[in-house]
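So that you can tell them apart, the chains are marked A, B, C, D, E, F, G and H in the order they are listed, and the count of residues begins at 1 in each.
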Amino acid sequence: MDVSQDETLVVGGRKIGSRLITGTGGAANLEVLERALVASGTTLTTVAMRRIDAQTGTGVLDLLRRLGIEILPNTAGCRTAAEAVLTARLAREALETDLVKLEVVADERTLLPDPIELLDAAEQLVDDGFTVLPYTNDDPVLARKLEQAGCAAVMPLGSPIGTGLGIRNPHNIEMIVAQAGVPVVLDAGIGTASEAAQAMELGCDAVLLATAVTRAADPERMAHAMRLAVEAGYAARHAGRIPRRYWAQASSPEIDGPRFD
Amino acid sequence: MKVEINGTAHDLADEATVTDALAAIEAPEKGIAVAVDGQVVRRADWASTRLAAGAAVEVLTAVQGG
Amino acid sequence: MDVSQDETLVVGGRKIGSRLITGTGGAANLEVLERALVASGTTLTTVAMRRIDAQTGTGVLDLLRRLGIEILPNTAGCRTAAEAVLTARLAREALETDLVKLEVVADERTLLPDPIELLDAAEQLVDDGFTVLPYTNDDPVLARKLEQAGCAAVMPLGSPIGTGLGIRNPHNIEMIVAQAGVPVVLDAGIGTASEAAQAMELGCDAVLLATAVTRAADPERMAHAMRLAVEAGYAARHAGRIPRRYWAQASSPEIDGPRFD
Amino acid sequence: MKVEINGTAHDLADEATVTDALAAIEAPEKGIAVAVDGQVVRRADWASTRLAAGAAVEVLTAVQGG
Amino acid sequence: MDVSQDETLVVGGRKIGSRLITGTGGAANLEVLERALVASGTTLTTVAMRRIDAQTGTGVLDLLRRLGIEILPNTAGCRTAAEAVLTARLAREALETDLVKLEVVADERTLLPDPIELLDAAEQLVDDGFTVLPYTNDDPVLARKLEQAGCAAVMPLGSPIGTGLGIRNPHNIEMIVAQAGVPVVLDAGIGTASEAAQAMELGCDAVLLATAVTRAADPERMAHAMRLAVEAGYAARHAGRIPRRYWAQASSPEIDGPRFD
Amino acid sequence: MDVSQDETLVVGGRKIGSRLITGTGGAANLEVLERALVASGTTLTTVAMRRIDAQTGTGVLDLLRRLGIEILPNTAGCRTAAEAVLTARLAREALETDLVKLEVVADERTLLPDPIELLDAAEQLVDDGFTVLPYTNDDPVLARKLEQAGCAAVMPLGSPIGTGLGIRNPHNIEMIVAQAGVPVVLDAGIGTASEAAQAMELGCDAVLLATAVTRAADPERMAHAMRLAVEAGYAARHAGRIPRRYWAQASSPEIDGPRFD
Amino acid sequence: MKVEINGTAHDLADEATVTDALAAIEAPEKGIAVAVDGQVVRRADWASTRLAAGAAVEVLTAVQGG
Amino acid sequence: MKVEINGTAHDLADEATVTDALAAIEAPEKGIAVAVDGQVVRRADWASTRLAAGAAVEVLTAVQGG
């Protein structure tokens, strides 16, 4: 969805203050995570659902609540629609939110979404009243089906999770944006700031990333870089870039130069 | 009776409820959810939901991820 | 030159407050230019030397002085070392600065630098006491020769002036950075924000651009975008990006997920 | 005598200096530089530099560019 | 599937003499088509199924039989599994072949496959005894599901049909090849010879193209170019290319050069 | 130089039978080299000049003469115009040819040409009656100066010698071709067949490579691949490729499909 | 009776078979296939398959495509 | 007298010519070229070109390269 003028991002009726959505996975510890989240300026952040144990406790929830960041539970690790639906329902119980980042991956090596299970799970969760944000591949057809199923956004990947390979197929992302009636969030694959800016220039409404920040040498600084990059790309998209030209065009006036003969 | 909580065997009273199971693992009050044998049990029903012998209880919370 | 810790950019002994250097060519009028310059946060801006006439007068100078922006005269339009040297000397007379953006282009269609004339002019101007910032192609050998000639920085192009084709050969820019002992300024070819961020991620010390801002649909907003992008790319460079991986890596913990059988 | 200033013929007094040439085109005080027959004439020398008949005077200033 | 030594391509038990599979659509007339097919060296060529009328008659069939080229009917134009299955069955009746290029596209603008309908149709046709060659997107997960459904090959696109945009996401094609146990045929998007060679270098077992040849200025010559390119890419893949290096490596001996002092 | 119809390549008045020019460096031994040269179909091959010693003797010369391949001596290893000119003159003495591949490199790490020394050497050698084929960078301006100096061809690099990074800046190669009045030979950087085809599609008249073949796992097979690729790219260039389109275009007729309701 | 063949109305005898429909449009012997009301009719069954009034007959062949 | 041939010291007769130097290293007849003190000596002049004591003789041939 190409927001033609600058306005707050709205997903499923919720206003999202920042167009940089972050994940919490991969951070060395909660102190590092806190500094990174603050530097990112994010207002919406993912968490995963796992069996409780003594050590972990509910530290990440306490942190997000203290920072006033809205929680976006995911269904990471689910391989079937059934697992994902149950995990989403448990997340809703535990976190009192109907938001869910829907992940249904096909295998451990690529962590690519399973298009069949993903669409099935999306339909079930929409019927069950969830606000569904599906992590999908960059297929414009699947993105459209997810929107038609009632998802509140579509979240295509740039490249596989954690690879840092950036946006491998900008043409697909552009086609997804061209047809989308819901926000498009570039999710997964971002490695560095210029790629986050590029996602926004392609017309995405937001960027979701985790590894690029949490596993950077300096997560806090990278979080700041990503914040600036998302703003830069969004502004550039709406500022109307110059057309690409094959040959040069002078930026200094060519006429009336001095003559020294 | 024996029930499995997060994959570990526990010995609970025969009348044990979900609330008893949570007590057994000293689960926190908030930020958790429970599934028994693959079905979500709403917080409101924890006290009234009896566990069957051999029940599989999953107690989940949010962790860093995604 | 890879600035290993975050510090102010220094060119020829001068501290440059902003790593975004702008040009003034192509702006519809001085009002538009002023808004763009302010939004860009630039502290150093190029001007061209031309025959004075009644209309133009010295408006752009007055504007830059009012905004407290240092003036960087260029030798745009010069095709030989002799023309460029004379133009630089006239600029020094007129503007009371020894800074010069040295341009010696070979033809109108590509506006690519003439490597022979450029190096000759650089040597003469360095001898004459100028602080020389040469606009060069992306040849690492020519960049090194310009540095050896005493230039205060090297300013390789990303692509031909005004094309908006971005950085066509990142490998060359990286090689220039790897060997440079003076600041590297990516000059020419930038079309949008992500490309300015990329230049900094490649290790450039600053970005110089004009057309991308002045000819954008909304120059002020694009100037803001470029400012953010340069900061984003610089921060990302120094934050230490994640390595690129061929296969995926989960950002959610894989162990100890729930079992629903 | 005739001199060319920025490509245009002008008629100046025979003793005319660079300063006279600048006056002839009403050039501003500051932000300009002068070349006569391809050589820079320093501001300090404008008043004392006589022009020869047919001299080519270039008067430059800064404009938007680059 | 990476054929580790040079051997004939086998699809569903059939030996395919040429690794260049062609389409017949877009040719100006049958004479042009004949010259292009001969120049391509192809042994397997697609046709579409349409209502018979007086003009067309069965000219293309007669041509292919005369040239001894095996016929691969497609289900072009089908939007649902039901349409595709019926079209495949009619093709089998009309052409007495159990081969089918399965196409189920989602919309006219992108002509991208509908992953849900495609997989459904593939399962039905495999059950019905067809040798199914599905035209699919470049999603490695869908490719694996199609293989698991019993397809005799998988045919991922390089870019949308007729665009000539080449291979937009080589990383996906490599991942498909890495996991495939059946032949991988790069289908759709090829515009020029180097892209056909690249497909083979990525590990594809064959290339299928139509528009790039039939709509070229000189279809016969382009067909010849594609034939050479597929052979070149296949040979290069199996010849073991040199590794990519960041810095240079001399190809002339560096020691014992002459000394002229 | 874009040869608009298919004709034999002519360099400095000599007809060159094959558009694949090869080097001899890097081959494990003369037997491997012989098989590779035969498979490549080349008719012009480079050699380097070095101090004679007992072992080497004149084996490579005997081989090339036996195969009827014309010898193209290079000035590899030279760092100044003076060294290159002397080396070229010795090569003319030793090999009785006025052909020379002029190399003047600036450093060992990049092996990039020194534009100043290269042009100087080219002018001296042209004056001295040589047929000069300069190895140059991809700067269109330097290429034009070399042509104006009287070189019989220009040989821009795709990427640094031996890197196998392919053609890093196709836009520069296209600009060189667009302005060249002498043959353009893509020299250095080619790693695999598709890149050789691409060079020809960009309008180059020939490709010169060594490492990609001699250091491949199977030099003979890679030589064959390169031969086919150069022919493929040349044919594709002259066959007139289809235009690139953003959206799809059906290759099967869209009208008059069956209706199954 | 009226039947629709490839989208065009045709008037056939009341007992008409698929073979009759093919004759009506002068379809070639080989390289064709027939569907009636969305079902494939095998070549072997053409002569014996009666058409109902208003039947939709599709007669397909291979054309350039793909 | 001592001359250096391809970087190695050799002892030649005082009247030695380029041809003698080539003989000293058993250079082949064809496919070689000679520079003495940085100047090319044409093949035709080998026999008549005397070497000075301490001369640096380079004898080159073609090897695999490029």
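Going forward, contacts are C-beta pairs under 8 Å (C-beta built on N, C-alpha and C of every residue); 3 or more make two chains touch, one makes a residue touch a chain.
Nothing here was measured: the structure is a model prediction, and the numbers come from that model.
Student: What is the touch distance from chain B to chain G, in steps?
Tutor: Counted as steps through touching chains, the separation is 3.
Student: State the smallest step count from chain D to chain H, taking one step as a move to a touching chain.
Tutor: 3
Student: Count the touching C-beta pairs: is E-G or A-D ahead?
Tutor: E-G
Student: Using CA atom averages as chain centres, what separation in Å is found between chain B and chain C?
Tutor: Between these chains, centre-to-centre, one finds 62 Å.
Student: If you average the CA atoms of chain E and of chain F, how many Å lie between those two points?
Tutor: Here chain E and chain F have centroids separated by 31 Å.
Student: Could you put a whole-Å number on the gap between the CA centroids of chain C and chain F?
Tutor: Here chain C and chain F have centroids separated by 34 Å.
Student: In chain G, which residues are in touch with two or more of the other chains?
Tutor: 7, 35, 38, 58, 60, 63-66
Student: For chain E, jot down the residues that touch at least 2 other chains.
Tutor: Expected reply: 23, 25-26, 48-51, 53, 74, 76, 86, 90, 110, 112, 165, 171, 210, 246, 251-253, 258, 260.
Student: Touching chain B in the complex: which residues of chain A?
Tutor: 23-27, 33, 46-54, 56-58, 60-61, 71-74, 76, 86-87, 89-95, 101, 103, 210
Student: In the complex, go through chain A and note every residue touching chain D.
Tutor: 251-253, 258-261
Student: List the residues on chain H that touch chain E in their complex, please.
Tutor: Residues 7, 35, 38, 56, 58, 60, 63-66.
Student: Under the stated contact criterion, what part of chain D meets chain C in this complex?
Tutor: 6-7, 25-28, 30-35, 38, 40, 42-43, 58-66
Student: What does chain E use to touch chain A in their complex?
Tutor: 106-107, 110, 112-116, 119, 137-142, 144-145, 159, 165, 168-169, 171-172, 175
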